[in-house]
Amino acid sequence: MVRVTIWNEFWHERHEDVPAQLYPSGIHEFLREKLSCDDFAITTSWLDKDEEQGLSDELLQNTDVLIWWSHCKQDVLRDDVALRVARRAHDGMGFIGLHSARNGKPFRMMLGTDCSAVWRDWNEKTRVWCTSPAHPIAAGIPLSFDLEGEEMYGEHFDIPRPDDLVFVSWYAGGEIFRGGVTFTYGLGKIFYFHPGHERCRSFYNPHVIQIIKNAIYWANPVPKKDISGGRFVEPLEPIANAERK
Amino acid sequence: MVRVTIWNEFWHERHEDVPAQLYPSGIHEFLREKLSCDDFAITTSWLDKDEEQGLSDELLQNTDVLIWWSHCKQDVLRDDVALRVARRAHDGMGFIGLHSARNGKPFRMMLGTDCSAVWRDWNEKTRVWCTSPAHPIAAGIPLSFDLEGEEMYGEHFDIPRPDDLVFVSWYAGGEIFRGGVTFTYGLGKIFYFHPGHERCRSFYNPHVIQIIKNAIYWANPVPKKDISGGRFVEPLEPIANAERK
Amino acid sequence: MVRVTIWNEFWHERHEDVPAQLYPSGIHEFLREKLSCDDFAITTSWLDKDEEQGLSDELLQNTDVLIWWSHCKQDVLRDDVALRVARRAHDGMGFIGLHSARNGKPFRMMLGTDCSAVWRDWNEKTRVWCTSPAHPIAAGIPLSFDLEGEEMYGEHFDIPRPDDLVFVSWYAGGEIFRGGVTFTYGLGKIFYFHPGHERCRSFYNPHVIQIIKNAIYWANPVPKKDISGGRFVEPLEPIANAERK
Amino acid sequence: MVRVTIWNEFWHERHEDVPAQLYPSGIHEFLREKLSCDDFAITTSWLDKDEEQGLSDELLQNTDVLIWWSHCKQDVLRDDVALRVARRAHDGMGFIGLHSARNGKPFRMMLGTDCSAVWRDWNEKTRVWCTSPAHPIAAGIPLSFDLEGEEMYGEHFDIPRPDDLVFVSWYAGGEIFRGGVTFTYGLGKIFYFHPGHERCRSFYNPHVIQIIKNAIYWANPVPKKDISGGRFVEPLEPIANAERK
């Protein structure tokens, strides 16, 4: 059983018409329903849920994989909360960032770079190409599939070199985007996937849902190792002529 | 001509006997002399050089490649100065981190992870193995060479997956360390190399000096591109049926 | 249920004393017993088992993950059989190469490089370090563990850059080795792991067995995609001004 | 001075109208002229130049970087000649494969995979996006540039995971292609770049020429190391309790 938490900013769906129609209970509840299966115990949470912005230490400690959607309220997230999320990911929690999550504090904290990209929210035709067909996140996904409309995110995508380049998207307007990428962060595994603009129907697409499902299994942490550093260690082998202190 | 700045914390050499004997004018001046050649215009700088901790914006703007040595005064470096270094690296300046630079603020800011490792400063036998023999940073370096004594830095080395794993070190005490690694940070290229403890003679080793020289050429920025994001872009191709705003 | 086939050269165990004592029924049967669990349906096979050198097309088609041990009879394997193995791996079968498998025809065919290394079979102390602690192949494995004696395989290891560097080994004699590495080959996933000399007890080590078990799960193929090329495709979008033929 | 050899199949330009008009002396001579500069000593060669198919051992031994164009006569190249090219690349010679070179014997020999892709030779609008803006092969190249018409090569591109993904191309017909990729092969560095169909004008594009120039500098071999394996080595450190033979 994977303990999944879906965290959503949950602002657009309560303040704008199109998002409200597409996702009346919020993107988090929509995803919960779509992802629901026997293997996942899913909790939802959101920015103004509680004093801890829906990300209490207790919730994070009981989360194996955190799915993250955020957009226009990135700056409202407190630094200490963002840091708490990042530290928990470092400790092994999987992190799946959707759409503008790349601009969110936790994602940028974890990757170090700006994670910026150019954009155009014209709901244009988008085609997702799989560039790692043997990757578990791509299981059951065709070599390419279409999104009838999505916000364009374009290069340069200011990320470190990804571990795996799972998907690259083609846009009608002429751009490409390395929009499905994985990273390792301490003991945590990160997957970023670009679809999911609040005024687009990408989360209605079964391939998008399947990819997120696959990513949950993939990001589920393995048994934990001690990777702590910053400490003296005795030698494992006898050392001749060393200046023991 | 590559404009090289060697920045040093310059504390040990003024307060401790062994470093003072090994590097009487400081590690920065020692490296300046060893690296000196017609292709490099070398400036040295240090933590208490001036109000800007030796890292003024003017100096950074005139630096192509910054060599960094720091150790026990990591916390004395101001956050704003560390950020200035990181932003300049993002903008294309090469960054070569030596020894404890991995614990320094700029390096950790750029990589996102803790960059921690275990350690043992017994001056033990260390052997540097080249795992990327075709890499320009390894040009002219044998497949392995010895350091008669060095501080051990051991795994787990908490870094993102490096672009290139150029060197892995073997220690008499039983550890290995991914001690020669490259990263990309925006337009900047980063090389980290573990030798150079203040009480060891690694900078007297011609292979170590050659590696730093090679890394300077490698990290010298290429002509700059505009990689800025966070902005709307017009489509490059006409888009049918898009919801133009 | 993963259909696992363990293929062994099975020469040393029938012709040399120490291997015969360590693995009286052959390394393949020893591994079968150790790996046995409810999730795996394990078949064993060997070089002189049948006319097809124990690698009939029927067997390969019914194999999800192939474990391979070979050493002194690499040249006895027919080229057409090696090619059959490689093509099946390309089609999605996982391939786990143990010890001298790196010198075997299928492994070299798949990787392209020589896969050569230096060696010393003195049964020396070896320590396996995990350099990807979040990797599923490292699940449940400590950050390092010892092999009391193993044949040394040393750098330069002539392989392409691996996808993941999961383990690096330390040897008492002064070498290091990138001895646990993954690759992708078409739709197939490859893991190479260096322990397992015929005169050493590495397969008695529970960590080694756990790593092979983990690798079986990891290499189990995902649902297959059509990645065939070499063919014309109609455009997915209308093309203006193209020279249609 | 880099000793560059440009090898061309040189069939289309002598047998077909459009190639003959675009490249009357052959693609090799066209590229020689465009790449000519003080740093390069350029030789041209072609398939029916001599008994050695223009790839004598003497020529290869005196080549630092080999540029390769081939298409419809891939099978005419003798296996022994292809192997000779691959071995010389393994020994350190840089290899720059253009367009259908990916289907040529040397390239496939070096990479191990099929190197297949789907295609459509409709001379359609193609846009080359740089995904590694700090890479030396991208020096002086804008973040994207257009090719007015090119043959589409599309995913899946059956290559191992590249070392660097320097360029990804966008096609009007809806595909993307990882069309600018680097690999390491022994001591040799490989760059593959997709433009250059015999009926297109891509080699007239100054960005394409600049990229090839950059790649020549990048692929120029560094001083050679001994990476030979398959041999016993004495230990570098004394080994206690080893079973010396």
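By letter and in written order, the chains are A, B, C and D; residue numbering begins at 1 in each of them.
The rule is short, and it goes like this: a residue touches a chain if its C-beta (ideal position, glycine included) is under 8 Å from a C-beta of that chain, and two chains touch if they have at least 3 such contacts.
All values derive from a computational prediction rather than experimental measurement.
Of the chain pairs B-C, C-D or A-C, the one whose interface repeats that of B-D, sharing more than half of its contact pairs by residue number, is A-C.
Chain A and chain D touch with mostly matching residues; of the residue numbers seen at this interface, over half occur in both copies.
With chains reduced to the mean position of their C-alpha atoms, the one farthest from chain B is C.
Averaging C-alpha coordinates per chain places the centre of chain A 36 Å away from that of chain D. Rounded to a whole number, the gap between the C-alpha centres of chain A and chain C is 32 angstrom. In this assembly, the C-alpha centroid of chain A lies 30 Å from the C-alpha centroid of chain B. The set of chain C residues that touch two or more partner chains comprises 125, 127, 130, 133, 143-144, 156-157, 163, 172, 174-175, 184, 186, 225, 227, 236-237. The touch graph of these protein chains is complete, with an edge between every pair of chains. By the touch rule above, chain B contacts chain A in their complex via residues 90, 103, 109-114, 116-125, 149, 152, 154, 156-158, 160-161, 163, 172-175, 183-186, 225, 227-237, 239-245.
Of all residues in chain D, only 92, 125, 127, 130, 132-136, 138-144, 163-164, 172, 184, 186-189, 221-223, 225-227, 236-237 touch chain B in the complex they form. Of all residues in chain B, those touching chain C in their complex are 127, 129-131, 133, 143-144, 155-157, 165, 168-171, 174-176, 178.
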